[in-house]
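Order of writing sets the labels: A, B, C, D and E. Residues in every chain begin at 1.
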Amino acid sequence: MMYGYEWDTSSTLAFATSILPILGIGLLVTLQAAAVGYAIALVFGLVLALLRRSRIRAISWTVACFTEFVRDTPLLVQLFFLYYVLPDFGIVLPAFMTGALALGLQYSAYTSEVYRGGIDAIQRGQWEAATALNLSRFQTYRDIVIPQMIPRIVPSLGNYLVSMLKETPVLSVVTVLDMLGLANMIGERTFDYLVPLSMVGLIFLPMTLICSALIHLVERALPKSGIPLR
Amino acid sequence: MTSIIRFQNVTKRFGALTVLDNFNFEVQQGEKVTLIGPSGSGKSTVLRILMTLEPFQEGKLELAGLSYHEPNGRGTFKASEKHLHKIRSNVGMVFQSFNLFPHMTVMRNIVEAPIAVLNMKRDEAETRATELLRMVGLLDKKDHYPSQLSGGQQQRVAIARALAMRPRVLLFDEPTSALDPQLVGEVLGVIRDLAREHDLTMLLVTHEMRFAREVSDRVCFFDKGRIVEQGEPEKFFTNPEQPRTREFLSSILNT
Amino acid sequence: MTWMQYLAPLLKGAQITVIISLASIVLGTILAFAAGIARTSSNPIVSGIAFVYIVLFRGTPLLVQLFWFYYALPLIGISFNPITTGIMTLSLLTGAFGAEVVRGALLAVPVSQYEAARALNFSKTYTLWHIFMPQAVVEMMPAFGNLAVQNLKDTALVSLISIADLTFQAQSLRNITLDSATVYTLTLVGYFIIALGLMLIVRLIEMKLRRGAAFSRSAHS
Amino acid sequence: VTLDDVKSAGYVQGATANEVPYGYMKEDGSAAGIGPDVAVAVFKRMGVNEVNWTVTPFGTLIPGLKARRFAFAAAEQNISPERCKQVTFTEPNSSYGEGLLVKKGNPKKLTTYADIAKDPSLKVAVVSGANNIDFLRAVGVKDNQIIIIQANADALSTVQTRADAYAATELTVSKLAEGGKDVEQVRPFTDPIVDGKPVRNYGGFAFRPEDKDLHDAFNKALVEFRKTDDYKKILTSYGLSEESIKAAAAKNVADLCAGK
Amino acid sequence: MTSIIRFQNVTKRFGALTVLDNFNFEVQQGEKVTLIGPSGSGKSTVLRILMTLEPFQEGKLELAGLSYHEPNGRGTFKASEKHLHKIRSNVGMVFQSFNLFPHMTVMRNIVEAPIAVLNMKRDEAETRATELLRMVGLLDKKDHYPSQLSGGQQQRVAIARALAMRPRVLLFDEPTSALDPQLVGEVLGVIRDLAREHDLTMLLVTHEMRFAREVSDRVCFFDKGRIVEQGEPEKFFTNPEQPRTREFLSSILNT
């Protein structure tokens, strides 16, 4: 029994259906973590990308090192660090927060690259035209650069949502039991891992496919109005 | 007459390459000047320096009485953003590749800067934009996006966009060279009309000789970072003095 | 125990991590080319198989894949040792992601290059390998660099199938010493250094490919 | 795998989980702990001089056995009726009670698992895959009070910050209390009562049911070995008491598997 | 004289847009023909169909006696790759944007196809390439990469590359329009020299009128998928018959 649900090990099919509600609870956790993490990644990634273009060397350099470090080390170990080492320094974050934050941070490092690429792809002529028209740096970003960048980067940003969904299982190291974590628990209790884990794979597959399809829809629905996409 | 643009011994380098070498050049208020010269001679660089898109290393440059070296600026061309802003408010530029904002309609391309920079009311900005669009003959395209226009039409919008900021000096960098030969006429017409406005100072870089002849008060032949020869168009084209000028003109006219 | 003494076991783990990572990057790249090219094939069966492979491995979590290969396949008599399983799984994953990179880079070669090749009467295979590939490979390098680092980070999960990689050694050390802060700091630094090494290799290859001025970027604009 | 296979190969593949002191990996990469040490001694007596160790997460011991990843598991897994359905156990090798790790000074005054059930605001950590979770549930602790951690080493930080207690076996708890600051083992501790009896664990070696021949040979050698002083020396060196050693010898695997 | 190219009632559509409508057109062996006409009229399409880069929907097309509809082909323009291969071995094309292979040196760009397609020996191919490079005046650049060459030089390499396959028909699609005015001369010179070779059939699309005049035996004015007027260059430029032709010529010549 788990979360008030019993399971039935009489046959594979019965087992699979009986654990579905439990996996559903885990799925909810997966989706929540991905949603919070993704929101962080979208916003913080842009902040990182802009800071990295700062004219002040110290800032752009620090940000570059930070992003590189986060990007190059495994989320698994980062999570351990945030969850079990930070408390030694008096910083205690709740488990879910830690998980979502670490996911968000890791993916900020990715999205900041996407944003950076997006900004770099804006033709020089656009910046020069903005300067010639005397637009301020802020106005240039707000009115010229970001609106042109968005349609171009939606596909890559979307792909990271899919990757993030698939990476939520590592949150179990910080005691946040997502779908895979629960499947593991069921496995530990019933000694049958194959069925719950395969079900997780089976649930993830259509989920990621649907996600990709949704991103594609968003991509098509975005007003591009002549922005060259390559 | 007063000079509105004054280059005094300006030197501009890209790394080891010296593009302008003790360059001296003046343009009077209201004058229309054409710069011609071989590729790579530094014509675009002159315009880009004026537009504050490029710094320079030595010398003195003034536009409408404003020095590009701010008195309290931080070293060579390290004028404050605020000072550059003031200089730029006197200059407009029409780029070879138009550089319209692709995500905005023609109308928004034109009103964006007046509203954001000059704090003009939207109504007023649109009224003026309408006038400008009528002038360049594109009023019916005001809700189109740049990608829906031909090159000639895009260039005309770019001209209207620059004019909307009411510059005293307008710079054109090969405004027709990215256009199909058939579309050149459209843009030429607009610039010709503009040239009649006596208060506007115009500095044009172009390879279109007919253009230089019809529009300008003075033609300057520019080579290796210096002005080799200059004069009234009629005289300049029919009877150039310098052998280098003659050679260049024949290479362009006889292909 | 001081942090100096942690180094020996961590280095041993790092060695395993590097081996698994390098091997699966190499194999994954080969798979990526096979599947990426297959995806652009006009034969629906070939491109269909590649499509299913890519969707399957991109769409499911690595942990599930590892479990399947290590604990489930032996039940039907197919069994590989942990290192082989780790390398195999990671290669398949990297291959699936890399396939999209390869496909994208091939599609990004300007159509005009295809037309020029056709006008010169090159065969399709010849065009693919001698005209498209040399140009596409250069464009792929940054993306493959990212995949290599991704792959490195994914190796952290192979401790599940009892491979004594860097993460595994860190966990064991912590178990004995209960000194999480030091162990994890060293581990993070370890991964970072390996990642930098990988990036360096990728850059070197890219520089080699871009040799001369052949690809000074403006080449096909 | 048969005994002959093992003998002709000259070594046997064993597995243990990373749990001090039952079975773990030392810095030099070799395995140690109650399970591994006894297993090595028993195999030596059987004429097998080498054991190759795999260290694997506790939860994957049984899947690994089934997948023929190793011949036996030496992690002092509690011999329970459910596990007996999956694998074949040897006679008990050790016996141990339960324990609780708490913050220094035991601020919540916990003395047994049931105390946690009484106050729903309390949280208790257990390690993933361990059977302590069953005992906690049996005394009425709710799912939302339980935090699942991945390794014993995580317990120290968890008890400091995010949970009020860590439930594990008495030996694990005492090792953690020894190594960590600001934590202590609950003493005196009352073992939880499940099905009317105080809980006591009996750890054994697990084999695949198919490998009956190897299991039987090992089991026989183990029973012999339990009578020697060498055996006692190994167990006491890891902190087991004389009573616990006796208690293990007093039970037999058939009864444990039958739930008696 | 025999026609080497023969379009008979060829119709070509892009979706709903009909680009060629019952198009009839012949070119004689050795003839040099220039196609001019407004943008979008379908000039490039004619060349691309000849190069087998585009299929067409109706009509009959022959090149050097080979029909583009293979007798046993699979429906409209579904000739086998082998048959297309045979057609293409008679045609070469010089593209507006050069389309050199950026990853190969100039020499390799030229010898690659003769070696891979014609199975020429490397030695022989290089000897021929050397000759061609001397002809276009670029022998000293043989080990450079395309990105190290100017546009005019790239275009000359592209011409040498096409010639290396010894085509009987050579197609040029605006070979100078991507070049700076000063570089046009270089390419023009090479094409002029080529035109002297009597056996080579040339079909040129260009906006350079001087070009059309000097090189070609016949100029065709092409509009909306049909040939409106054609004739010898002298007659065509000085005294066009059709009002549409006159209008077009004046729009091009008087900008």
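As a working rule, contacts are C-beta pairs under 8 Å (C-beta built on N, C-alpha and C of every residue); 3 or more make two chains touch, one makes a residue touch a chain.
Protein identities per chain, from UniProt: A = Ectoine/hydroxyectoine ABC transporter permease subunit EhuD; B, E = Ectoine/hydroxyectoine ABC transporter ATP-binding protein EhuA; C = Ectoine/hydroxyectoine ABC transporter permease subunit EhuC.
On a predicted model such as this, the values are computed, not experimentally measured, just so you know.
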| item | value |
| --- | --- |
| Remotest chain, chain A as reference, centres from CA atoms | E |
| Which of A-D and C-E has more C-beta pairs touching across its chains | C-E |
| Centroid comparison with chain C (C-alpha atoms), farthest chain | B |
| Centroid distance [mean C-alpha coordinates] between chain E and chain D, Å | 83 |
| Distance between chain centroids, defined by C-alpha means - chain B, chain E (Å) | 38 |
| Interchain centroid distance [CA atoms averaged], chain B/chain C, Å | 51 |
| Residues of chain A whose C-beta touches two or more other chains | 84-85, 88, 193 |
| Overlap residues in chain D, where contacts from two or more other chains coincide | 63, 157 |
| Every chain pair in contact, whichever chains are involved | A-B, A-C, A-D, B-E, C-D, C-E |
| For the chain C and chain D complex, residues of the former touching the latter | 1, 5-6, 8-9, 12, 70-72, 74-75, 79, 82, 159-162, 164, 168, 171-178, 180 |
| Of all residues in chain E, those that touch chain B in their complex | 38-39, 180-182, 184-185, 188, 207-208, 210, 251-252, 254-255 |
| Chain E - residues contacting chain C, complex | 51-53, 81, 85, 88-89, 91-93, 95, 97, 99-104, 112-113, 116-117, 144-148, 161-162, 165 |
| Residues of chain A that touch chain C when the two form their complex | 69, 71-78, 80-81, 84-85, 88, 162, 166-167, 169-170, 180, 193-194, 197-198, 200-201, 204-205, 208-209, 230 |
| Contact set on chain C toward chain A in their complex | 55-56, 58-65, 67-68, 71-72, 75, 108, 149, 152-157, 167, 170, 180-181, 184-185, 187-188, 191-192, 195-196, 199 |
